[in-house]
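Letters are used for the chains, namely A, B, C and D, taken in the order the chains are written, and counting of residues starts over at 1 for each.
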Amino acid sequence: MKDIQSQLDHRRINIKKVGVKDITYPIMLLDKAKKLQRTVANFNMYVNLPHRFKGTHMSRFVEILNQYHGEIDIKNFRLILEEMKDRLDAQSAHMEIEFPYFLKQVPTHANAIGLGEYRCKMHAVLDEEYKLVMEITVPIAPSLTAQESEGLPRSPGHWGNAIISLQCLNFIWIEDVIMMVEEVVGQNHLHGEDEQQVSFSGGPLQAGRKLLSVEKIVKALGSRFTANDDILCFSITVENLAEGYKTFATLDWPEAGQCN
Amino acid sequence: MKDIQSQLDHRRINIKKVGVKDITYPIMLLDKAKKLQRTVANFNMYVNLPHRFKGTHMSRFVEILNQYHGEIDIKNFRLILEEMKDRLDAQSAHMEIEFPYFLKQVPTHANAIGLGEYRCKMHAVLDEEYKLVMEITVPIAPSLTAQESEGLPRSPGHWGNAIISLQCLNFIWIEDVIMMVEEVVGQNHLHGEDEQQVSFSGGPLQAGRKLLSVEKIVKALGSRFTANDDILCFSITVENLAEGYKTFATLDWPEAGQCN
Amino acid sequence: MKDIQSQLDHRRINIKKVGVKDITYPIMLLDKAKKLQRTVANFNMYVNLPHRFKGTHMSRFVEILNQYHGEIDIKNFRLILEEMKDRLDAQSAHMEIEFPYFLKQVPTHANAIGLGEYRCKMHAVLDEEYKLVMEITVPIAPSLTAQESEGLPRSPGHWGNAIISLQCLNFIWIEDVIMMVEEVVGQNHLHGEDEQQVSFSGGPLQAGRKLLSVEKIVKALGSRFTANDDILCFSITVENLAEGYKTFATLDWPEAGQCN
Amino acid sequence: MKDIQSQLDHRRINIKKVGVKDITYPIMLLDKAKKLQRTVANFNMYVNLPHRFKGTHMSRFVEILNQYHGEIDIKNFRLILEEMKDRLDAQSAHMEIEFPYFLKQVPTHANAIGLGEYRCKMHAVLDEEYKLVMEITVPIAPSLTAQESEGLPRSPGHWGNAIISLQCLNFIWIEDVIMMVEEVVGQNHLHGEDEQQVSFSGGPLQAGRKLLSVEKIVKALGSRFTANDDILCFSITVENLAEGYKTFATLDWPEAGQCN
C-alpha cells in the first residue's frame, strides 16, 4: 500500500479529458428546405487538459446544458463550446451528438416510406479554432434495377450503408451529402435543385451489375467527394450486409489524413 | 400522505413475480452430433406468487446459481427450477435464457461462413408440471437461386428471419427445427441424416420467385410444422428487412392458443 | 417434398397478424403544460386476422403512414387505426410506439439535469372498441436522503426503475403517472398543481431506509395506483441494478388480469 | 455524369482498409488458473492498403476463418494475421475481437454472484511487428464500505466502470489487470497469489469517502498502472452512472501517446 500511496502524491499524470456523456436531449436544426427540424440527440460534452480541475466543477457541464431549457439549437454549438472552455479553464472543448435526421423522399416504389431516416453524428471542437466533423449514414441498395424489382419479391432485404465522415471549409447541408451518395449509387430519393438538367439513368454504378462491390462503390464515392472543393477531408466506409456478417471497405482522403 | 400510508397497511396486493434478471453466465448443452457446445447466455430467474416472501430471500436465487460453479448444463434446468420452487416456497418457478447457438454449415457459396449463428431463447417453467418453450431465429434468404447469384453482386443483403417458437411433447433438437425451416425455404446448409434420399431442389418455395412474401413463407412454414406430431403448439413469425423498416407476418397454431 | 406440397394446398392455417415494424418516425404530442412536444418514435403497425389478404396490400400500411407527411400527432391514433382496419378489411388494428418523453425538472441537487427523460410505450388497439395501454419507465433513486447525499460521492450510481403499465377509463397525463411514482418514492422532481398543500417529506418510503427493497417499493406503488379510480388495470415492475444483474418484483392489478 | 465518370478513371484514391466485420464466433483462451475458457466473440478482420486487390478476394477472409472449424484459439492470433497479410498481399493485417470473460469471485456479500463478467476487447495488428492492445471493462462500486452496506438497501445500484486499455512489452493476464483495479478501488473479488501478504483494508481510495470522484479514481489507477514496467502505454477511463447521464474522466500514458 505504501508504494501506491506515495505515487498518488509524487507522480503527476494529468487527466486528458473529463466531462459528461450519454445524455439524451432534444435538439433543433434548420434543414435545407428552411424548415426547423426537431429531433432527439445523444450528447457527450467534455474538455481536454483542464487546469486546476476540481471535482465539484463537474456540475458546470450540467449548468451549461440547463441554460438551454430542454432544447439545443445547433446554431449555438460554438457558443456552448466557448462557455465550456471558459468556465472550465480548458485548452479545448468538445461536443459530440448523434441523432436521426429525417428527409421527405420521392418514393421509388409502392412500398417505400416517404420519409428517409439518416443517422448523423457531429463532433464539434473548439481549440484555437472551431472545427466540425459530420458523419452521415446513408442506406444504399445498389443491386435493384427497375427491371429486376418487378420479378423480385417485395423486398430484396437490406443491402447496406455508405458512411460518410467529412469536414468542410465552410458549410455543407446534410441533404447535399446524401444527394452526392445517391448520384453515385443511382438511387434518386431526393429532388435535386436542378433536377431537370440531371439526366443520369441510375448513376455511374448502375451501368452494369457486375461492378457492385463495396470496393467499387467506395472508390466511386471517393471520386465524387474529391470533386467538391469545399470538402477539406473525408473518410468513407461502404458496408454490405451478408448472411451472418458484413463486408466493408474504407478510404480516407487525403490518404495520410484522418477525418473523424 | 395519510391516505397512502393507510393503504399500505390495509390493501393486500400480492407480488406476482420476483427474481433476478440480466445475468450473463456460461452454459453448456449437447448438440445433435453429441458434441458438448459451450456458449454464453443471458439469464432471468423468477418465481410466481411467493408466499411469505421476505426481502432477504433474494439472495437465494444467487445461491442457487452459485452452486453451478460458473457453468450451467441445460440438462439441469428442471433441478434448478425444483430448488427455486422449494427454497422460495413458490407456486411456480421460471428460468429464461437467451444464447447464440452455432452449427457447422455446408457453405452454399464462396463467401459463406462455415459456421451458422442461431439466436435461441428457452423459457422453462415448473408449475404442477414442467414445460419448456423454445424460440429459434433462423436467418433466411429465399430470394437467391443459383442462377441469380452469379449475376448478382457479392451479397444480396440480409433478407430476413424466420422466428420459430414451439413447445414439444417430448424433445426436439434445435438442429431439427432449423432443418425444417431450410426444407421449406430452400436453403440447404445442414446435412440431414438421410440426405441421400432428400432430393428437393430448393424446397416448395423455390419453384417460382413470385411466391416470395412474408405471408407465403409463414404459411408454408406453418404447414410444415403442423406435420410434426410431436409439436404441441407453435408460433411463427417471418420478417423481411426493407429499407427503413421490416414487414412481417405471424401465425399461431392452434389458432386459439398461445405458444410463447 | 410431395407431402409438404400437398399441405400447402389443403391445410388452412390463417395468418394471425401482418404488418410493418421498426419504423422510426417523428411524432408530436401535447404535454400537460399544453406545450407541443416533438420527439422521435419507433413504430409497429399491424392488423389481426386479415380476410382475403393479398401480399400486394402490404403497401397500404406505408400509404397510410405517408399521409401524415413525416409527423404523426398522437391525437390521430384512433383515426389511423380506423383506416388500417378498414383498408385491410381486418378484425382489429394495432399500433405500438416507443419514444423518449422529456419533462423539465426541479433539480434536486447541483448535478441534476433540469430535463428528465422517460421512456414511454403506447399500444393502441381498435377492435370493437378502442383501447390504449401506456407504459412509462420512471428512473428512481430511493436510497438518497438529503443528509446522505452530502457525505456521498458525486453520484450513488443508477439505482433502478419503476416501470408502470396501465390502462385508463378516460385519460391520464404521462406527467401524472410520473408524479404518482415520485410521491411514493420520495423524489420531488415535478411540481404538482397543488404543491403548496403537499407537505410530505420524502414519501412513504423515506421514513426508514430499511424499507427499501424492490418488493416494498412495488407494493407501495401498487397501493398508490389502486387509489386512482380512473385506472382500469395496471402492471408495475420495480427493478434495482446490482453488480452484474438486476433484482425485480412485479405486481398486476387486478391480480387475475393482464395489463400490457 | 461525364465529370464523375472521368474521375472514376483518372483519380487514384486507394482503399485504406477492406475486410469483414460483425462475425459472431466461439473462441477459447487459457485463463490464469490454466483452465481453458470458452466464450463467444464478435470479430472484425481487415487488411490495410491491399495491393492489386480484387473484389473476388473477399472470400479469402472467410476461408481463413473457416480453417478454424468453428473455434478460434487466441494463441493462433498471430498465425491468422500472417495468413491474412500473406494471402491478401497487404501491408498490415488487423483482427479485433470483443467478448465477455468470466472469473470466479470471492463473494463480498450475500447477494454477490460468484462469477464476475468482464467485457474485453483485443486489437491485434501485424505490420512489420506484432502488436496487441487489450481493453478490459471492470465494474467498480467504490461507494460501499462495510459499515454502510448494512444500513443500505439491498443494492446501492450500479456505480460505474473502469475501462483499461493497454499494451504490454510481454504478456499480461486479464486477471492481473482486474486485480490492479481492485487493489486501488478497494474491492477484493479475486484472490491474489500472495494474498496473505496483502493486508490493505480497502485500497487507497477507501480511506475517506470524500475522495470518490471519477477524477480521483482515474488518477489513482493511473499511478498504479505506471508502476508496472511491463506496460508500454495505457489509456484509462473511469465512468460513473448518474441519473440520466454518466460523468467520466480519461487519462493517457504517456501523455503524448495513444493506446487504443
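What we mean here is this: contacts are C-beta pairs under 8 Å (C-beta built on N, C-alpha and C of every residue); 3 or more make two chains touch, one makes a residue touch a chain.
What you are looking at is a predicted structure, and each value in this text was computed from that prediction instead of being measured.
Shared contact partners of chain A and chain B comprise C, D.
Chains compared, chain B against chain D: the Cα-based superposition rotates one onto the other by 180 degrees, nearest 5. Distance from the centre of chain B peaks at A, each centre being the average of the chain's Cα atoms.
In the contact between chain C and chain D, the residue numbers used by both copies make up over half of all numbers at that interface.
Separation between the centroids of chain A and chain C, computed from CA atoms only, is 31 Å. A straight line joining the Cα centres of chain C and chain D is 36 Å long. One finds 26 Å separating the Cα centroids of chain B and chain C.
Across the assembly, chain A contributes 23-24, 55, 58, 111-113, 117, 154, 213-214, 244-245, 247 as residues in contact with two or more other chains. Chain D meets chain C in the complex at residues 111-113, 116-117, 139, 141-143, 151-160, 209-210, 212-214, 240-245, 247. Chain C meets chain A in the complex at residues 23-26, 38-40, 55-56, 58-59, 62, 65-66, 69-70, 100, 102, 104, 107, 110-115, 117, 154.
The residues of chain A lying in touch with chain D in their complex are 1, 3-5, 7-8, 11, 13-24, 46, 53, 55, 58, 183-184, 199-200, 204, 213-216, 218-220, 222-224, 226-227, 239, 244-253, 255.
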